[in-house]
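See structure below.
We call the chains A, B, C, D, E and F, going by the order they appear; numbering starts again at 1 in every chain.
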Amino acid sequence: MDRAHGRRCDRLRHTSITRHCQNYPPGSALIEVGNTKVICAATIADHVPSFLKGTGQGWLTAEYSMLPSATRDRVSRERNKLSGRTQEIQRLIGRALRSVVDLNAIGERTITIDCDVIQADGGTRCAAITGALVALVEACDTIYKVGGTFPVTDFVAAISVGLNADGEALLDLNYDEDSTAVVDCNVVMSGRGQFIEIQSTGEGHPFSRRDFDKMIDFAELGIDELISIQKDALGSDLVWRVGRVG
Amino acid sequence: MDRAHGRRCDRLRHTSITRHCQNYPPGSALIEVGNTKVICAATIADHVPSFLKGTGQGWLTAEYSMLPSATRDRVSRERNKLSGRTQEIQRLIGRALRSVVDLNAIGERTITIDCDVIQADGGTRCAAITGALVALVEACDTIYKVGGTFPVTDFVAAISVGLNADGEALLDLNYDEDSTAVVDCNVVMSGRGQFIEIQSTGEGHPFSRRDFDKMIDFAELGIDELISIQKDALGSDLVWRVGRVG
Amino acid sequence: MDRAHGRRCDRLRHTSITRHCQNYPPGSALIEVGNTKVICAATIADHVPSFLKGTGQGWLTAEYSMLPSATRDRVSRERNKLSGRTQEIQRLIGRALRSVVDLNAIGERTITIDCDVIQADGGTRCAAITGALVALVEACDTIYKVGGTFPVTDFVAAISVGLNADGEALLDLNYDEDSTAVVDCNVVMSGRGQFIEIQSTGEGHPFSRRDFDKMIDFAELGIDELISIQKDALGSDLVWRVGRVG
Amino acid sequence: MDRAHGRRCDRLRHTSITRHCQNYPPGSALIEVGNTKVICAATIADHVPSFLKGTGQGWLTAEYSMLPSATRDRVSRERNKLSGRTQEIQRLIGRALRSVVDLNAIGERTITIDCDVIQADGGTRCAAITGALVALVEACDTIYKVGGTFPVTDFVAAISVGLNADGEALLDLNYDEDSTAVVDCNVVMSGRGQFIEIQSTGEGHPFSRRDFDKMIDFAELGIDELISIQKDALGSDLVWRVGRVG
Amino acid sequence: MDRAHGRRCDRLRHTSITRHCQNYPPGSALIEVGNTKVICAATIADHVPSFLKGTGQGWLTAEYSMLPSATRDRVSRERNKLSGRTQEIQRLIGRALRSVVDLNAIGERTITIDCDVIQADGGTRCAAITGALVALVEACDTIYKVGGTFPVTDFVAAISVGLNADGEALLDLNYDEDSTAVVDCNVVMSGRGQFIEIQSTGEGHPFSRRDFDKMIDFAELGIDELISIQKDALGSDLVWRVGRVG
Amino acid sequence: MDRAHGRRCDRLRHTSITRHCQNYPPGSALIEVGNTKVICAATIADHVPSFLKGTGQGWLTAEYSMLPSATRDRVSRERNKLSGRTQEIQRLIGRALRSVVDLNAIGERTITIDCDVIQADGGTRCAAITGALVALVEACDTIYKVGGTFPVTDFVAAISVGLNADGEALLDLNYDEDSTAVVDCNVVMSGRGQFIEIQSTGEGHPFSRRDFDKMIDFAELGIDELISIQKDALGSDLVWRVGRVG
């Protein structure tokens, strides 16, 4: 099996995260995974949805969008209603990040995560989650009071794995690989090596338990590397804070 | 761990499927899983979405809805836009059933699967998939020409599994169990014992690979039993047709 | 004139009302009129629309919907906006039931009547009103304090009448009769034999005052019988309460 | 019972119809009924809805709207969705006028009736129907070929009747009378004295058959006078054409 | 260059303003500019948008609409969403009138300006602004307390100018002139001869600075005359109030 | 008057245009004007709106959007309906670019201009037009056949000018200057020094003709410089093509 640029089946594409890519939001990060580029921003508002008013607890919500020019063929803006795909992705990003946020530690505030895809070459939802963690930590630093609980309790990253038509497992599929894969799987894991979400679909081709186990093995490898890249981007001061209580 | 009615952790609730529960659609089935009741209907239209015109190939799409009176607290009708949850469920049902349909064998027709929840006590999306397979086979019989390819190529069923707060795996969660579970997993499998879809979420509680494997073991048991129930409902003549070519 | 099953022009189809057809709402009833089947549910919420806040008075509102599989040809779900037909029916059901409810006696609560058509063979709006009265009485019993005013002040039922192409009046039209009728009339009456609503339309065929009087005669007969069926379904204890003050 | 300006219970308000009140549409009429003023226009387009293509038959549809400044309290524009009330009125106007149009005689064209209320003092839907008939006849004259069938087959007019709190029947209610009436009834009749539509509602107060008969008597008187006013507005040439075949 | 009715390039069409053209709103005016006719109404509500609550300051907003029958070819009602053109016009009318209103002097109230075009022959947005000023002054008189500040601080009027295909400047274009103009310019000016808004577009034909200056010269002439017509319509008592403080 | 970084009243901010900032669309450019950053992309589709089918002529349309994180305070996505502001900007961009495109030379194709604001510090609509011209020329090169007519006939750029509270004219306002300006003016000009659009608004402060002339003088200076920057970005080969016929 030949992947672009001689990449091995169990290797990520070249991945980088650039902090502070926008001037105004309290947290922002540009993540590049091969040709995929996503701007992730975290903003904080001093109110919560009505079901949380008076509870002392905060909320985190996520939005995901693509520039129409991000893809091979121009994609229409979702100006009337969101597609099912977009809603699924937004809900996934929100769940993934909420799983590592102590909502009591942020008080009655709402953190909004905006993931805007500037260029799309496969794996945008996973890149969005991985980049957003960095923006989120940056933003939380602005509301953190030394000696209190830092709101982000752990790292979280996401990666795609799949099976190609020959039944080989592949880590981190680009657009061409994704289009021809027979099984498509997204895995979200925490910094402590546990699973937060597994979504595996074999519409065109049911898969055996053995194939599935192989994909999960690859995902564990990839997540490990992504979390290292997150830590490099954040630097030791912020890394030290994640998960600290008091 | 005590479940309602002394049910064991690895057992389904009482499940039955009643064929032909409506007079007009070519296929219909009422599935009852404990207190959960879903009417599944399959109808066939002589046209296809525009992207399939002239290809000789058909399509299958699914819709899911709840009566407002199906739940403990009345749930509003989705009359302006669909919630993300409903869209996810509809897309899941559609993918699950398309994975066992030979779209060439149905010609340029569209099969619509309607899943209407009459009463909801947990597991409605899985019940919808399991019941819809029966309605689908019944409906396909009306367009099947003896000697041709029967459009349904395999059985398909779905079941929920989860982890409760004590870390025990549970098969087929009812509403109360689902509300308190820390991990929630839906599994769709084919009649040949392969996986079509796995969706596992641990928003409140990341899970280990060992816990995950235990849940998948339980799901395999449950699916096996559900497919037996589908076969009993369809009867030997229709069971014989599923997967036959010519 | 031959009607299906030798039915006479002035006779109803076989009609039955089954109470408590769902587990969760405080009132529910399945009404079957020939092949027409409607689930009617009444739920009670502890708030009122803003125009009633602080008045001590309650409200009643109604919603009507059909399963897509309820009809001969699949009917689309109304997920973007309601058709004019659906809105007219909802408004009619709401007016009919409000005419027999003492809104002061329910306090600042909102009763929602949900009428979901499971199978449609003509006369669904009339069946919905007739079945909903039973669900409403059942639900009101849960908020009734003995010695107070029972919120339902009278019975109410509805029936269709029409003129066929030969100018004959017909009571309780099924779908085939309704499709070929030249005049279509819906009549809502109270348990005391007075009129609450008359809607008579002769789009294809204007009608004389004499024909109209004949239709109203038939409607009076039909309503009488429907109210007996409601009373049988409710049983003497609940029948006794309707209309009692203190 | 004292009505404004000493009007008797069985008398219309002062009513006039002014033809050709706009320059551009082929038919237009301003109807004034007391303080109620409605501009009615009829336009003709050379196409039909898809269900009529190729049938040689035309269609007629109606729209109804109010200026926000037409009422005592400003009423919001219906820019997002139509209220149930507006939809009911539009459907009523359409049915009323279609009942006197020979859709084959207009060929594959669509006539749109626009009724825009400039000032509202009760009875706007009835005024709209009565005025629209005049605009319709005027517009049909532009597509009529001498010797052919004139598309309008009869006159049609509408009037409101009601019962006040004292149980007296009233013809042609103004806004104040309408607000306090306990029964409200709209009647549409043809030039030949037959009924096209009767809609009678007693939400606050069920009514007896005798009261109902009294209201219908009044409506017959009012319609008679309205049709005379229509004939005066149209003039003998156009009156002569209505209902002529060849 | 020949204009209809021998009109010179620098002359307005015949223009009149009729006050109090509707019974119910506190201010209303019918403006006729040639064949263009617009009903302008001003209503006052005792609340403000949320961003102004508690500030003691009021607001003014404008809505613009056309009867479908106002134009040569019937124009559809904007019942689902507003066109960009309508939104631009509404925003322009609102800005123009707010520029001459002292929002503190009206207290926490909202003035709504409704401009409904009854007949459209070019220049409807300018006619709307010019007519609305008269309705606005009339309405403000109902909330004015003698000795206080009159809320309208100056006159405001608007006029169109353009360049035809021969490069000639034209004042106050009718529909035919507007359709063939290569440059289209709308100018809003105050009673003191200053500019409030200039919008000049040469989509089909860029224009020189000299041509532009010529158009502005014409606009100044036209506005002068329109303000005289406004003053005649209002009468000396109301004219005297405009711009008075205390 | 002190502007940020000692900028003179008649000077632009630092402006740069980077071509080919995205991989997939045929034309793309990132324009940076001070802190304002806009990605402009041009894509070409092989169809036209229905009103142009069969005419041999093409079309150009524009869309404008902001990332929610582009501004000081997070701005909501326009997912249900576009604001009036966004619609005005889109229409302005479309008109500006169409004024320099020969729609016959592109054949029956639609060019879509997407302007996505990554960071907003005032002047985004003008930056969008100026950057989009570069993306447009780049994209048109892909459909240009040597010897034919190059579809872009001239350069076009846009700049803002304004009056501050002291009555001084300012060129190219940043966000802070724009927020406090009393007059706001956007000017679109062609490469030949003619005007395509002038929009000048003095909501809070009417302006004299002399002030207006001063602003236009400044705009002419700014446009001149912007067109030089466009030419530098495009390079001599592409510059040479603009406006060439055959």
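Note that contacts are C-beta pairs under 8 Å (C-beta built on N, C-alpha and C of every residue); 3 or more make two chains touch, one makes a residue touch a chain.
Fair warning: this is a prediction, and the values are worked out from it, not measured in the lab.
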Label-sorted list of chains bordering both chain B and chain D is C
Note: chains that touch chain A and chain F both are none
Chain centres computed over CA atoms; the one at greatest distance from chain C is chain F
Chain centres from averaged Cα atoms put chain B and chain E apart, in whole Å, by 61
Whole-Å distance, C-alpha centre of chain C to that of chain D, is 29
Expressed in whole Å, how far the mean CA point of chain A lies from that of chain E is 52
Two or more other chains are touched by the chain F residues 81
Among line, ring, star, complete and other, the chain touch graph is ring
From chain D via chain E, the ring reads D, E, F, A, B, C
Contacts from chain F onto chain E in the complex sit at residues 81, 84, 87-88, 90-91, 95, 98-99, 189-190, 192, 194-204, 206-209, 212, 216
Seen from chain B, its contact residues with chain C in the complex are 22-25, 28, 35, 39, 41, 43, 45, 63, 65, 67-72, 74, 77-82, 112, 114, 116, 118-119
